[in-house]
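Letters A, B, C and D mark the chains as written, and numbering starts fresh at 1 in each.
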Amino acid sequence: MTSNTSDISLQLAQTVADAALRRAEELELKMNVAVVDAGANLKAFHRMDGAWLGSIDISIKKARTARYFDMETGALSPMVQPGKPLYHMEFSNDGLITFPGGIPLKLDDGTIIGAIGVSGSTVDNDQIVAEAGVAALESAVK
Amino acid sequence: MTSNTSDISLQLAQTVADAALRRAEELELKMNVAVVDAGANLKAFHRMDGAWLGSIDISIKKARTARYFDMETGALSPMVQPGKPLYHMEFSNDGLITFPGGIPLKLDDGTIIGAIGVSGSTVDNDQIVAEAGVAALESAVK
Amino acid sequence: MTSNTSDISLQLAQTVADAALRRAEELELKMNVAVVDAGANLKAFHRMDGAWLGSIDISIKKARTARYFDMETGALSPMVQPGKPLYHMEFSNDGLITFPGGIPLKLDDGTIIGAIGVSGSTVDNDQIVAEAGVAALESAVK
Amino acid sequence: MTSNTSDISLQLAQTVADAALRRAEELELKMNVAVVDAGANLKAFHRMDGAWLGSIDISIKKARTARYFDMETGALSPMVQPGKPLYHMEFSNDGLITFPGGIPLKLDDGTIIGAIGVSGSTVDNDQIVAEAGVAALESAVK
């Protein structure tokens, strides 16, 4: 499938979300999966049965944070620690999440068309599930 | 399919959302479709390509409002007008939406398991698309 | 029982709330009942089973509004209408509720020691249930 | 008493709150005690005379946090420290509280029907009082 736009389509967002949800099922995890578009606005969201209620907002904030700064949320973690350059940047934007689980979604040419945010387990698991969504996008836009 | 829970499952939420999205496509409308659970927490969300960004929040608030008061959002419209009993109730709950497009989701026995909220066109069209989601639930839980 | 303080005690707040809840049961209504203290801070809250979720915030805002302005919330209704002196005052204080159901709680000497807010039915019913709480206070502090 | 619902009743919420308040009295503590339901919505709240005003919101946020993540708030404390995996997750959900005093409320079969949050003293005392509420629930639903 090709995409000639700089913004994620609902079809692609669902491809990304479905892959993440399948990966979560395989790992027997209960996840919240959010996808935002190029404007960091919510495009798709799914909460698996029994997934943490508090992770609704965290998954959305992870996706937004990843698009706000065009990098994985985990890459921000070392920079927001006490004494580090971006300490307390989470006070901006009505709250950011700066631990793993949020990843920008890119086309082959590097254009960022949105981001995925996953929350519901350890940050390692959140990241694994988010990466499954990213991998599905990469396959889809090849 | 039967449901023996008082809270909507992700599978049912997707059934509802898919039906609403299909109806919107048939009518050539660009919609935001939100589904909340029995606790008024977001369960599923989809924004069709080109749908209004401002309707993300409106669709979610419609779904929440429908569950908050266990009635269609359109039923609130006459009561919140100037001079009417519930004038300006929208100032509560971090904002309510009191025009059509939000409908509670019920089991056959009347148990409310969540709500759908649709926004992206006229309130009449929003309501029609939301009703398509409700109809799909009713078929699914029979 | 006497009270020699200018602030409502938890015991009195429970007396007020219990009377309101009993009145709601008599009328077969499902209510949210909030009591705030002289500082407009939440003192007691009860949500009856099946009561509207959206009325949690409304009942608390009714109680706060009644204490913020030391009058029944229903007394504000005519003043906040379009063209009237206090039009849109609800934009202040993170949201006010200006329809019936909120009433100041007073000692015999007129000292306001808090307020009750009730939400869950028509504004007439909300007011009736709130008045039952007020009556219980008047009996208790005589 | 038995409960065949997945959501806490007002009667059970009061049983929980009363036990916590009695324990606080025994320990000569002044506490705020909040109970939320399965959807993390406020069900009951009591502030003892002289209890900290700032603990109103903390007790409610503790209860919400415990239900949002289905674990004791104290279990989150080590994970949200600087350099730890969930550092600054408190910026989500309009504010979380990640120190002791919030505990999920469960039926015998593990179903989580709500949560209690206590604030007003040291976190150790907050936790002790919250545990008294949990114990009362366990006795009530046996």
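FYI, contacts are C-beta pairs under 8 Å (C-beta built on N, C-alpha and C of every residue); 3 or more make two chains touch, one makes a residue touch a chain.
All values derive from a computational prediction rather than experimental measurement.
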**Request:** Have a look at where subunit A meets subunit D and say same if over half of the interface residue numbers show up on both copies, different if under half do.
**Result:** different
**subunit C-subunit D separation of Cα centroids, rounded to whole Å** = 25
**Prompt:** Once you find the CA centre of subunit B and the CA centre of subunit C, what distance in Å lies between them?
**Reply:** 30
**Whole-Å separation of chain centres (CA-atom averages), subunit A against subunit C** = 44
**Request:** Find every residue in subunit A that makes contact with two or more other chains and list them.
**Result:** 53
**Request:** Specify the contact topology among the chains shown, as one of line, ring, star, complete or other.
**Result:** other
**Asked** Mind giving me all the chain pairs that touch?
**Response** A-B, A-D, B-C, B-D, C-D
**Message:** Give the list of subunit C residues in touch with subunit B in this complex.
**Reply:** 52-55, 57-58, 61, 77, 80-82, 90-91, 95-100, 122-123
**Prompt:** Quick one: in the complex, what on subunit C touches subunit D?
**Reply:** 9-10, 13-14, 37, 39, 41-49, 53, 56
**Asked** Which subunit D residues qualify as touching subunit B in the complex?
**Response** 5-7, 37-41
**Message:** Looking at the complex, which residues from subunit B come into contact with subunit C?
**Reply:** 39-40, 64-65, 67-70, 82-83, 85-89, 91-93, 96
